[in-house]
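What follows is a set of structures to go through.
Each of the next two complexes has chain A plus one more chain, namely chain B in the first and chain C in the second.
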Partner chain A sequence: MSTTEKQTRSWKAERVLDGMGKKLSRQITGSLVACVHCGMCTESCHYVLANPGDPTYAPAYKADKIRRLFKRHHDWTGKVFPWWVKAGSVYTDEELEELKDIVFGRCTNCRRCTFSCPMGVDLATFNRMARGLLVSVGIMPEGVAVVSKDQWETGNQMGVLKEDYLETLEWMEEELQDELDDPTVSIPVDQPDCDVVYSINPREVKYDPRTISDAAKIFHVAREKWTMASEGWDMTNFGLFSGDDALGGSVASRLYEKVNELRGKTLVISECGHGFRSTRCEGPNWAKFDVPFVMESSIFTMLRYIKEGRIKVDKSKNPKPVTYHDSCNFARSCGITEEPRELLHLVCEDVREMYPNRAENYCCTGGGGAMSMSEYTRERLKSGVVKANQLEATGAEVVVTSCHNCVDGLTDVIRHYKLGMEVTQLVNLVANALVIEGKPAHAVVPGLEVEAGSNAQA
Partner chain B sequence: MSTAVFEGTRLHGATVRLVRDDITELDVDAFVFYASHDLILGSGHGTAISVRGGPSIQKELKALAPLETGQAAVTGAGNLKAKHIVHAVGPRFREPDLERKLRSTMDETLRCARRVGARSLALPAMGAGYYGIPTALCARVMLQALDDHLRSDDALEEVVISVLDTPQWEAFRAALEALDGGKAR
Partner chain C sequence: MNELSAQLHFAEHRLQEVALAFMALVYLTRVLWFLRHKAGGERQPTTARDPKARRRGILYSWATVAMPWAMESTRRMPFFYVQFVLFHLGVTAAITLSFLIPYGPGVLESSALVLVFQVLIWAAFAVGVLRLARRIRNPYIRAISSPDDFFAVFLLTVWFFFAALSVPNDVSGGEGILLTYFWLTAFFLVYVPFSKISHYLYYPFTRYYLGKSLGYRGVYPVYRVQGS
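Right, the complex of A and B next:
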């Protein structure tokens, strides 16, 4: 045994190394062993592009900080020839703090590097594992602690209290009644046996309630039998960002259980990349829950309503030039790139692509929960130069995205780089483009005209 | 979700109920908040306590901070339905000697409840959830501590264990059923 081996370890370091053994799924192990250090992923990372000449931002460099622990403690190569495979260990809490700054502060888990890797290394997967291991011993950025505790204990990641949530829904209902001059318009809560149970991001309650009333307007015009839930309504999941699978499972099961209790047929998830991924893709595994109902993003719901003739839209109501920002979780983790564009073209006159786009688009800088980690704001905004250049080159006045997290990330980048662009979501544009019976339409969407009266649904 | 599905295990003359509810809204003499060392209420249930209860609670805590692991302190509950809040500083995040520390936190919590003459007391799954204490261990230690305490506390008539989710519910139901089949009376 070497001298280093005789060093004593802090209990936190012990637990982290121990815990790693239990987290090594086939997918994670595959990514940990596969890297050949070819460097093909380097230029794909927005941190690298914003910090030229600094190799410490390279995906493989960051990955090696985790990989060395795996090699030393869980892989035979690191036991036989540690010097060759660069195996290493951690002993002190300070070393864990340094690791924290890398896994939380220098990677947004955007998975762009994965798409450049010929070996299929998925850094975000084991970066999330490393985050989870640190969180399990209480080492995490302050904001991650605050948000995680909120979501564990209040059921939503912004600590919105039940009475405030319900009051906001009532307020939005009144606004909508005034806007449509129709006192029968409602935002139903806890209605059983509905076709749609609509779940949202707590950010909508706290900072952007207009997205709730816009969605309600669309459901109303589509004559949808829908409801919101009084509890289990938060479709976001900080467990995806913090790496805490128990939180992931707890949040997801609260949502699923409520839909079951209400006997809802479809859970519609409002626009949010990580919320969709967590609820639709990861949640059933975290929660070990056999979900008996359909789960869909509201992007698909709105598109369906137009195609089925349940709502009519007039794109001339949205004349400003717009560009679409792909949320990393939608585009790279869920493969959803075309439907939002199809919808956007139906409701906006002037749509311009940013380059690169779709699965190759760059992170808004707010991925992986970065918006909650104020200690890394300077680095995050510096990395935002990549996004800022992309946005500016489109000449668009409005950036559209399907993610509340991206709205915040983009707004911050736009403010920092003084781009003077607006940020909005599809729900706002669709609601604005709605042709409501009795109100004159300027135009009809070409190719999607439907016969008069066919939007009347039981 | 505010349904009490597991009702009425009798333990040394007291009723122990399991509910899935917001602990800060319960109508009890005292409820327990799993506090931090500096007694800053912070997020989660802390937000609910400070928003619903008003500023008097944090003000009272200022004079009581800091506390060591295993210690607890009592404040009023401001505008909340409860009369008192027991702020208990327990172990967190897989720290060493977890079980012993959790047990002494529970003992101190129950002493605080006795001191204020609580006849009804609500407890969360102490340290489970955000602080990562394993739920099965949490349920076992809490119920053992309650079992021992209730032998000598005649004032406490009702104990409500308020959990956050299904895994916590299952762990406590199993522990309560084991107690019911064994020592509960």
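Right, the complex of A and C next:
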């Protein structure tokens, strides 16, 4: 690169290019050099399907906006003959803004295209890298900046104050005591030496506290020795969406340190795709922390309770036809597709599969933090037609998902396309199906072998 | 068999040897460059049920190329997958031919084998023409194509043409076809490391790391149910 070229580049552009060199792992480099532009990924993307005839939404096209920088600065042909391989650089902040609109606004990092790529190019991974590089110079959607700031400052991504959080827990405790007519029911906080430390999404505190009381009900009936934490309770992690590994590591550490402090045996993560992925899979790597306790999704906890006979459920209490939406982070990044279905079949009478499903399911449109980026809402909802068609074809009245982002994404799509469906989570259905007796039974359900926490850490 | 001219002998032997040595050297450099990057790792315990999931994931990832049912894209475009198979069989045949003619010409005395080579290479030629047309006509593919993409398909298609004509290894009608084929092969060997055709060098690595990660996380092998 000539000195003149460097001098004409903005400080931010220079910083982004420098940062890229440091972020290039073998996985990312492989994905950047291996694309043959075969176009096999094109129709895997819900943005493409919702915008027929517009090639600028194609995964390979979007990937090339990042790849051109790599080629120009790190690949030999691109360095010498940039025009021959469409290599290019960035010089101005305006160009970085354009890149921002692509990496944040036109891709939800759902990873679906990776599963259609014969070369194994993982766009979601280097798209996240590009997001992180832009974030490092302050170029990001307003919502990403706000949420990241909240998570840095308050330890949770919705800026929920400690007193509001504790008040909500008390309120839910009282509601539960009334519902069960049992004044001994509690939502314990900061109890040491518990078997379960339960972590949640701040959305539950702010918009959906019923999921907290439903989980508490299940723990109570299962006679679990559990607690919630007064700090470090947010299992979500905006570092996954913003590409900011430092934020990711900080948020994950806060959670791990609190569980350690409480000497908890298992960290149970409430239903949230990105929260689970961040806490269970990415967090230890970002935080460079070897987690000494078990971490599992609440899906596995609830399933285990049923299999161990610690809770009894009656599926006739959930008679409406339901369908299950696989969260991208669960299905394509953590391999969790069967356990939610197993649980669903135990607590619902009429379960209908949507197609495609599991690792091939389409994004809810809210992935990659898209729900926080209001400037891209129009495009996001337009791309939701794919999901809407999928949902409608099931004939179900209720969509079940194990992800708070998906709850919001699906709710938006259902409202926009006037589908008239409800969205709920497994915890709500399990709590509703609970058979509450004077004393919980402990008989093992015949035919259901206990396979506790196959995704657990032990 | 007629005597070879000095020109053709040079094109078949020394030229190929130099080109191959150059390609090998550049490839080695390239692999070392790739391996200089950090490999990354995962501290967290596996989310897979199978303790050997990482290895299974890698094997599955590598085998994907031979499992058209494994990817939605190849299920959706079976004809494209058939083209892919034919094209790459043609490449294999045309490369093999460049060794057989100088080092094992006796093998090509079998008319059946000549026919097999010709069928494979002509089929690959036809696919090359289709691929070139697709790259020009399909707006999605055109939008992502670089000059290198067009040239790579064009080069291979022309190379197939001369390879197919060279299969009988007969110079009785002149050496022009064979000379062109061997000069094209040499150019191909020298050009490949700098072009997208080098994707096969990266393929094992890219799919290895993807398979390792997705296997460890219990995603690979992908589990599908009927109808999905």
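Everything that follows uses one rule, which is that the second predicted complex is superposed on the first by the 430 of 458 C-alpha atoms of A that agree within 3 Å, B and C clash if a C-alpha of one lies under 4 Å from a C-alpha of the other, contacts with A are read in each partner's own complex, and residues count from 1 in each chain.
By definition in this document, a residue touches a chain if its C-beta (ideal position, glycine included) is under 8 Å from a C-beta of that chain, and two chains touch if they have at least 3 such contacts.
These numbers were taken from a predicted model, which means no experiment stands behind them.
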Both complexes share chain A, so when I overlay them there, do chain B and chain C fit or clash? fit
Is the number of chain A residues in contact higher for chain B or for chain C? C
Between chain B (first) and chain C (second), which does A:S31 come into contact with in this model arrangement: first, second, both, or neither? second
With both complexes superposed on chain A, which partner does A:R358 reach: first (chain B), second (chain C), both or neither? second
Applying the touch criterion given at the start, work out whether A:M119 contacts chain B, chain C, both or neither, answering first, second, both or neither. second
Answer with first, second, both or neither: which of chain B and chain C does A:P55 touch in the superposed model? second
Minimum Cα separation between chain B and chain C after superposition, in Å, equals 19
Both chain B and chain C contact which residues of chain A? none
Touching residues (chain side chain C, partner chain A) in the complex: 34-35, 37-45, 47-49, 61, 64-65, 71-74, 76-77, 80, 84, 138-149, 194-196, 199, 202-203, 205-207, 209-211, 213-214, 217-219, 222-225, 227-228
Considering only the defined contacts, which chain A positions touch chain C in the complex? 24-31, 33-37, 39-44, 48, 53, 55-56, 58, 60-61, 64, 76-77, 83-86, 114-122, 280-285, 288-291, 331-338, 353, 355-360, 454-458
For the chain B and chain A complex, residues of the former touching the latter: 1, 22, 42-48, 51-52, 92-96, 129-130, 132, 164-167
Note: in the complex, chain A contacts chain B through residues 11, 15, 136-138, 145-150, 152-155, 159, 161-162, 231-232, 246-247, 249-250, 253-254, 257-258
